[in-house]
Every structure is written in structure tokens, then in C-alpha cells.
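In what comes next, subunit A is part of two complexes: it sits with subunit B in the first one and with subunit C in the second one.
After this line comes the complex of A and B, so read on.
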């Protein structure tokens, strides 16, 4: 088994907390040899994931919490985001149609697309009321 | 996010600053564009050189702004995108939708040549 080290934080479900999330990611991602640009991409993916939880799982209820953990092996950085809100079925997600979005002035829909673009794996599971988004980026 | 409005010949530059992340910022930006349209100013440049962080909601502000201006018979060009913002525009392919310039002067000049 490869050695796994892990760090975690819990944050209230508020967009005000996202800067703290980005700092948490930057602190650890930078240590594993990711470039500044790669670290920024990982921050983006995590920011989008947390934003989705705040908006859709918890409907901006700041009394709820998000648990964020970051772990790594010799070859992978793994980030898990756990919430207990409304679950989301990633199967309903479709790749944004740019022309259509611009025509209809639709603002949203890029979050999951960005997560999938910036991370090597994105998996979602729901068990016993806990939603877990697991994202992996190769080192 | 804050933005500074600077009227140039033939166009208006909106210089965005800080974190562009949707929320109340989206409404503020949209209201400003509508005010400009009401005044007959339909050529807008969004200067992104002082944007610290942008997420997908921030991209939504730009998309919405572009549509607002084009529907009014105008346009919104962007300039000064940092590497971080440019990578977002690339990965979402929005780079193909916006007229993107390195500097504010180039973007403004592009309106003059229209």
C-alpha cells in the first residue's frame, strides 16, 4: 500500500469561506511539486465543487458544514468534499453548449465542466445521507 | 469585485478588480451595462488585467454581459486576461466567443476600426 498522508478542514457552507478553501489547497498542493498554474487549476476545481455544495446541496444555509480533506500518495493528490445536503446526480450533467448559453444568456453550468477539465478523475457517491465528491489529480 | 468605468473615444472601458465570482457583483455589472445601453454607449471593453480570481460564476458575468451588449446591437471585447483567467477561457472554449486583446489600447482601437 502506498503511504497516504491526509489533512482536513470543516467550513461553514458560505461563499465567504471560499478564500480559506483556496488557501488550504494552495498550502498543500504547492508542496507536492505542482506548478503555480496547476495549483491554481486544483483550487478552481475545489472552489467550484464547494460552490455547488453551498448553492445546490445546502441552498445557502450557512449553519451547515462542508468537510474538505486532501491526501496524497506518491503519484496522486486526492481531494474529498463531503456534505449532508441535497444530493446531486452527476449523470444529469451535460457539457455546456456555448452558442446556446450565450443566446439564452445562461450564466451557470460551467462548474462541473471545469472540475472535469482540471482534475484527472471526478467521482460522486451518496451513502447514508453523506454526499462525497472525490477528485484526483496525478502528480 | 469592483469595477472602474472609463470612457474612451467610441467605447467604454470597465476595469474589473478583485475576485469575479457572481453573486451581487453580477447584478451590479449588468445594471451598469444597461445604463450604458440607455445612454447609447454600446461598445464596451472589459479589462481583466486586475482580476485576482475568477470562477465559473464570474465567467457567467462575462457571458451575460456579452449577450446583453450584442442583443443591444453592440459588443463587449475583453483585454488583459492574466494567465489564470486565460486558462479558464481556453478550457471552456469561451476564448472563441470573445474578442480578446492583450491590452486595453488594442481593444479600444478594434472598436475604432469597426
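After this line comes the complex of A and C, so read on.
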């Protein structure tokens, strides 16, 4: 078994916490040899995932919590985001059409696309009221 | 963490919005308020200076998406300038450069506005 080290934080489900989430990711991703650009991409993926939880799973209820953990093996960086809100499966989405959205004055819909663009794997599971989003990026 | 700030100023008949720091789901509503106010006061020629914008997430992009049609219907535009490569890459990945004017600087944005008149 490869050695696995892990760090985690719990944050209130508030958009105010997103900058702290990005800092948490930057602190660890940088140590694993990711470039500044790669670290930025991982930060974005996690920001989008947490924003989705705050918005869709918890409907901006700041009394709820998100658990964020980061772990790594010799070849992979793995990020898990766990919440107990409304299930939200990021597999159910279509590639957004920017022009169409602008015409309809719609916004959003790009979060999952960005997560999938920046991470090598994005998996979602729901068990006993816990939603877990697992994202992996190769080192 | 770089605190988000924005500043609105007038340059001739154009309004320039200078962005500083990180634009995410927490700070995007502040930019949204500025766009709503500009539109309410019929300022439709808007230049957004991204020189000091260090980060943008989809919530920030959504603000640009939500108001561009209305501004263009009134003969104006939202032109984006001075983007660093990290921020530009996000706009580029989602196809913004084909639908938005993303320009080198304020001078170039004004020149594009003037040539469209």
C-alpha cells in the first residue's frame, strides 16, 4: 500500500469561507510539486465544489458544515468534500453553451464543467445522508 | 487572502470599473450591485479593468454573463482589459473570447468603443 497522508478542515457552509478553502488547498498542493498554474486549477475545482454545496446542498444555511480533506499518495492528490445536505450529483450535467446562456441572461452552470476540466477524476457518492465528492488529480 | 475591492471611475463617456483581489461566490454580489447601478443610471459603456484581479470563479463569470445582453441592447458593451494569464485562461476555457471583447488596456477598449460608433 502506498503511504497516505491526510489533512482536513471543517468549515461553516458560508461563501465567506471560500478564500480559506483556497488557502488550505494552496498550502498543500504547492508542497506536492504542483506548479502555480496547476495549484490554481485545483483551487478552482475545490472552490466550485464547495460553492455548489453551500448553494445547492445547504441553500446558504451557514449553520451547516462542510468537511474538506486532502490526501496524497506517490502519484495522486485526492480531495474529499463531505456534506449532509440535499444530494447533488455532478455527473448529471451538460456541457454549458455560453452563447445560449448569455442570450437567456442565465448565469452559472460552469462550476461542474470547471471541476471536470481541472481534475482527472470526479466521483460522487451518497450514503446514509452523507454526500461525498471525491476529486483526484495526478501528481 | 487578497481582499476584494472595486472602484468605479469615469473616463470621458466611459465608466471604468477597477477590480482588485479575488472574485468568487462571496464577492461577486458586490460587482453585481455595481452593474445594476450603472444600468439603472444608464451607463452602458463599461470597461472592467482586471489588472489587479488575481482570481475568478464561475460565480464571478456569471456576473459578466448576466448583464452583457442588456448593456448591448442599449448600444453599449462590457469590455474587459488588462487580464493576467491565470484569469484569462479561465475566460478562455469557457469560450468568452469569442463573445466578449477582452483587450490589452483601457486605451484599446476606448478605441474599440469609438470604432463601433
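Here, the second predicted complex is superposed on the first by the 138 of 139 C-alpha atoms of A that agree within 3 Å, B and C clash if a C-alpha of one lies under 4 Å from a C-alpha of the other, contacts with A are read in each partner's own complex, and residues count from 1 in each chain.
Methods note: a contact is a pair of C-beta atoms (placed from the backbone, for glycine too) under 8 Å apart; a residue touches a chain by one contact, two chains touch by 3 or more.
None of the values given here were measured: they were computed from a predicted structure.
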Which superposed partner A:22 touches (first subunit B, second subunit C, both, neither): both
Touching partner for A:54 - first (subunit B), second (subunit C), both, neither: second
Which superposed partner A:40 touches (first subunit B, second subunit C, both, neither): both
Partner chain in contact with A:101 - subunit B first, subunit C second, else both or neither: both
Greater residue coverage of subunit A in the superposed arrangement, subunit B or subunit C: C
On subunit A, positions contacted by subunit B and by subunit C: 15, 18-19, 22, 37, 40, 44, 47-48, 51, 96, 98, 101-103, 105-111, 113-114, 117
Touching residues (chain side subunit B, partner subunit A) in the complex: 19, 21-23, 26, 53, 55-57, 59-61, 63-64, 66-68, 83-84, 87-88, 91-94, 96-97
Contacting residues of subunit A [partner subunit B, same complex]: 15, 18-19, 22, 37, 40-41, 44, 47-48, 51, 96, 98, 101-103, 105-111, 113-114, 117-118
In the complex with subunit C, residue positions of subunit A that touch it: 14-16, 18-20, 22-23, 36-37, 40, 43-44, 47-48, 51, 54-55, 96, 98-99, 101-103, 105-111, 113-114, 117
Touching residues on subunit C, where the partner in the complex is subunit A: 1, 22, 24-26, 55, 57-59, 61-63, 65-66, 68-70, 86, 89-90, 93-96, 99
